[in-house]
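Presented sequentially are two complexes of subunit A, the first with subunit B as partner and the second with subunit C.
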Partner chain A sequence: MRMRNLVPILYILFLMLPIYWLVAMSFKTTNEILSGFSLFPQTWTFENYIAIFTDPTWYWGYINSIIYVTLNTVISVSVALPAAYAFSRYSFVGDKHLFFWLLTNRMAPAAVFALPFFQLYSAVGLFDTHLAVALAHCLFNVPLAVWILEGFMSGVPKELDETAYVDGYSFPRFFMTIFLPAIKSGVGVAAFFCFMFSWVEMLLSKTLTAVEAKPIAAVMTRTASSAGYELGLLAAAGTLTIIPGAIVIYFVRNYIAKGFALGRV
Partner chain B sequence: MSLQLKNVSKRVGSITHVKETTLSLEPGHFNVLLGETGSGKTSLIKLMAGLDSLATGEIIINGKDVSSLSAQKRNISLVHQFFVNYPHMTVFDNIASPLKIAGVAKSEIADRVAEAAKLMKLDPYLQRNPHELSGGQQQRCALARAIVKESDAVFLDEPLANLDYKLREELRDQLPELFAGRGAVVVYATSEPEEALLLGGRTALMTDGNVVQFGPTAEIYRQPKDLDAAKVFSNPPINTAEVSKQGNEVILNDQTRWTLSGAAAGLSDGIYTLAIRPHHVMPVETAHNTVRLEGHVQVTELSGSESSAHFDMDGQSWVSLSPGVHPYFVGEVHTFYLDPNHCFFFAPSGELVA
Partner chain C sequence: MKTQNQRAWFFVLPVLLLVAFNALIPMMTVVNYSVQETFGDNLFFWEGLRWFQEVLQSERFHNALGRQFFFTFMILIIEIPLGIAIALSMPKKGPWVPVCLVLMALPMLIPWNVVGAMWNIFTLPDIGLLGYFLNHTLGISYDMTQDPVAAWVTIIVMDVWHWTSLVVLLSYAGLVSIPNAYYQAAEIDGASNWAVFRFIQLPKMKTVLTIAILLRFMDSFNIYTEPFVLTGGGPGNSTTLLSIDLVKIALGQFDLGPAAAMSLIYFAITLLTSWLFYTLMTKDDNKA
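After this line comes the complex of A and B, so read on.
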């Protein structure tokens, strides 16, 4: 019994160690971090967090990130819904090829697209806006959302559509009041993955912004003072970056399991 | 009210799902579509319901051409083989949904839903979600939704196929009274000949997307137009054999020959296909079952009050279905007796001649 518990416990400890270290660091002073090994903060300090929440450069980094991530999630899911419906309900010329091609889009590294996006957005005046980053992230997130949603939609029998039409539902009304509630866990899973990918993506968000829409990841790398990097401050910023993802995961944890069961996540 | 199909057909690519069909369906009785899985029953229902577009022909409901109208505008109801309800709505909202869409007043909705729910014995469950109900109750909910609105036509696509035996019988007994006096054209698709006979009314026999015969159920059971129709309307499958007619006699094989009477006696000499339903082939001799056959018993089944035996007779596989329990031994040669007054004779072209 004890041996059986040992392995998962060790595994979880191993996984949690870096996170613990980050959180512990965020409550230490930079001097303590540099002075040597300590398992717990010797002198607890909230200075790092206070610094972040009082300095607009810091907290605007978070706000900018949340704005473009939310914008991206909304755009990706609302664009993917009709596309996924078409893939799941109709057969049209080249549908299978198109579906596969959507996926291959995800395989291209973001760096490939950084330069064309930068040039294009500069030319049309989108550079350094939240919309620029949100649109750029659609390149990866729309195919992903289509892929996930198509799986959930195909799980809903076509007879449901037919029953609704016979009952007199128009297509938009059926889609909004019957179909969407029937696949709401799919929408949750798709939104979650769009959120996470957009939240952790750094390269495009850094390239496409300068001041107005600077994401938190960019703020963090530019925080070096004359005394070197402020490690405590960076650790606090890192800890705060984990929180939104953790909150979203908490809300969709049951749906994710369903997504795995469908084999689409 | 009436529902008419004129030369209706459906093709997908190069495959014909429904061949040109002309039918005139009336209210007041069940219109049964009888055919095996894949014979085009569901395709035909989808065409009538406006869920699929026609390749040719027109559909007329109450004298109005609805061929180009969508399902929403046809004022019809549909119940599927699978239990389809709106998963996130309560039973009440499920039944009420066609009325809400039609803009019926709230108080009237409540009354009509209550009435339909009572008929379908769903009144204790109105506030539950469909997935909290048993399969039978889920299908009752779908049926209640189909009767709550005053449709011109109600399509029931094998509504009992996914229910267990007991529930199926119970619901089947209830169906005719459910639609009696409603004035809607009721179309009921099934793959079971017994259901067609029990529900009566008129039956259309379907094979390969083709309506081979349409008429009063009992009549077409007794007088199948051709061999295809006879095959559709028999379960277990109808027994067939090639026979030759010479003078007054029909010759089935070396041992079996009998003297013809009635219409068959007037046939000209030649080769015919004989068909006889399994329950007219008995393991014992009776006043009616007089013609003796011999066959190797291959499979036997005992289903409650009936015994069936599949036997091989000169390479032809036949079935005997008889009431009571009969001792068969697989592999033995058993004697059966057929009823010469219940034989159908078909010409080589397939049509019924006697």
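After this line comes the complex of A and C, so read on.
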């Protein structure tokens, strides 16, 4: 029994090692990093973090990312809600094909879309705006939200809808006051996954922005390539990107698996 | 039974428009490029299927596709059994379970470019934790930027680090859904651990494992950012996977025709897997 417990512990240790190294690096001075190997920071320094919080290019990277991620989450979940309801409750001409087509977009490689997206969003005048990235990320987040919500909604018995109609509820009132509270964990999970996939994606967000809406990922790559050896700064920037995910994941810890299974566990 | 209701289309319309805008218009662009040649200035010449022939016959594409399949095969063969093994050894309940789940899910929430950068810092030969340990403590010569084998091992280990938790979480969700009565019955029958796994746990995990395998297949097949940041496709072309090569051709060399043709071939693979995924998922829905 004790031997068995060792397996998850070792696995978590393995997961934490690179993260530890990133965090440790972020507290080291550039001199210390370049002068050789040290397991712990010898002289603790916050200068890397101070540099990020005082430089607008850096902290606007975070703000830009958070703006388009939030925008994307709101758009994805609000358009997905009625659609998921339709898929879970009604059958209509072409429903199965539509549901399948949505899935193919979740599976589509971002690399295929990079160039056409650049041209499309330049043509409609949205290039380098937060909205462009938020809309582009809808490509994979809307299908994901529809699938997850449909899974949760199908778990709610149809009798709930029927009773409400018998009681004289109109559809909007039923949906807002009875149905939404019944699937609120589903909405939370869908929102979490939209947040997550928009937060971690980089290829499209980098392609669709230049200056005004530049995400943190793009700021980081520029530092990595131009300044060469600002490893401490890069590590601090990386550490800061882990925090939002670490906070939100706590709220959905029991539903993570269901979300990854697109609502089907 | 679901109610027949054609007005449901109005509910689906916003999703349809939004996804169509994002998927169909770019797709048309890609199809357009795939059959034409351009020398800039918006001048296009009809090329028919030339690009498709060229891509399908080019050694470069064969190599990238080969590397891609090798990568996907390797990560599947490591992540799936490892994920199952870890899920099996997790406690069924207790105060530590949520802590474990959150810690395990953490790598999946890190932006992909940070994952690449993190592993880069982690594996630097003289100042990275792993690099230092291998080179100076164990005395194994390890430098990912020089040695293709080291680069390959690193991108595979990085993916295992990044995504094994997905398999763990899904398998674990399948395992906890097994009622205790099953285990009690097995105990009365004197079943071995292997028999319990083979005839109780594995069948119960079938759906979640199917999902895990297909998701990991798809996502690893589309992988771009992490290996690109870590190795840049090198040393040489040794870790240039399909997406990296595609972006190189499209944005680096601006060879739009071949890139578009390659995109469509890529898409065909995506479509096939999605269909498989869909069929397996909905088959299960109908049974329930």
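The working rule: the second predicted complex is superposed on the first by the 250 of 265 C-alpha atoms of A that agree within 3 Å, B and C clash if a C-alpha of one lies under 4 Å from a C-alpha of the other, contacts with A are read in each partner's own complex, and residues count from 1 in each chain.
Convention: a contact is a pair of C-beta atoms (placed from the backbone, for glycine too) under 8 Å apart; a residue touches a chain by one contact, two chains touch by 3 or more.
Every value quoted in this text rests on a predicted model; they were computed, and no experiment measured them.
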Overlay done on subunit A, so just call it for subunit B and subunit C: clash or fit. fit
Is A:P157 contacted by the first partner subunit B, the second partner subunit C, both or neither? first
If you count the residues of subunit A that each partner touches, which comes out higher, subunit B or subunit C? C
Looking at the overlay, does A:M176 come into contact with subunit B only (first), subunit C only (second), both, or neither? neither
Looking at A:L98 after the superposition, I want to know if it touches subunit B, subunit C, both of them or none. Which is it: first, second, both, neither? second
Subunit C, subunit A and subunit B - angle at the middle CA centre, rounded to the nearest 10 degrees: 90
After superposition on the shared chain, which partner residues are touched by A:N5: those of subunit B (first), subunit C (second), both, or neither? second
First (subunit B), second (subunit C), both or neither touched by A:G168: first
After lining up the shared chain so the two structures overlap, which partner does A:I63 touch, if you call subunit B first and subunit C second: first, second, both or neither? neither
For A:E201, is the partner it touches subunit B (first), subunit C (second), both, or none of the two (neither)? second
Taking the superposed arrangement, what is the smallest distance in Å from a C-alpha atom of subunit B to one of subunit C? 8
Which residues of subunit B touch subunit A in their complex? 46, 49-51, 70-72, 74, 76-78, 80, 82, 84, 86-88, 97-98, 101-102, 142, 145, 149
Which residues of subunit A touch subunit B once you look at their complex with the stated criterion? 157, 159-160, 162-170, 173, 178, 181-182, 184
Which residues of subunit A touch subunit C in their complex? 4-8, 11-12, 14-22, 25, 33-34, 36-37, 39, 75, 79-80, 82-83, 85-87, 89-93, 95-96, 98-100, 102-117, 119-120, 135-136, 138-139, 142-143, 146, 196, 199-203, 216-217, 220-221, 224, 231, 234-235, 238, 241-242, 245-246, 248-250, 253-254, 256-258, 260-262, 264-265
Help me check something: in the complex, which residues belonging to subunit C touch subunit A? 2-6, 8-9, 11-12, 14-16, 18-19, 21-23, 25-27, 29-30, 85-86, 89-91, 98, 100-114, 117-119, 121-122, 126-130, 132, 136, 161, 164-166, 168-170, 172-174, 177, 207-208, 211, 215, 218, 221-222, 224-225, 229, 242-244, 246-247, 250-251, 256, 259, 263, 266-267, 270-271, 273-275, 277-278, 281-282, 284-285
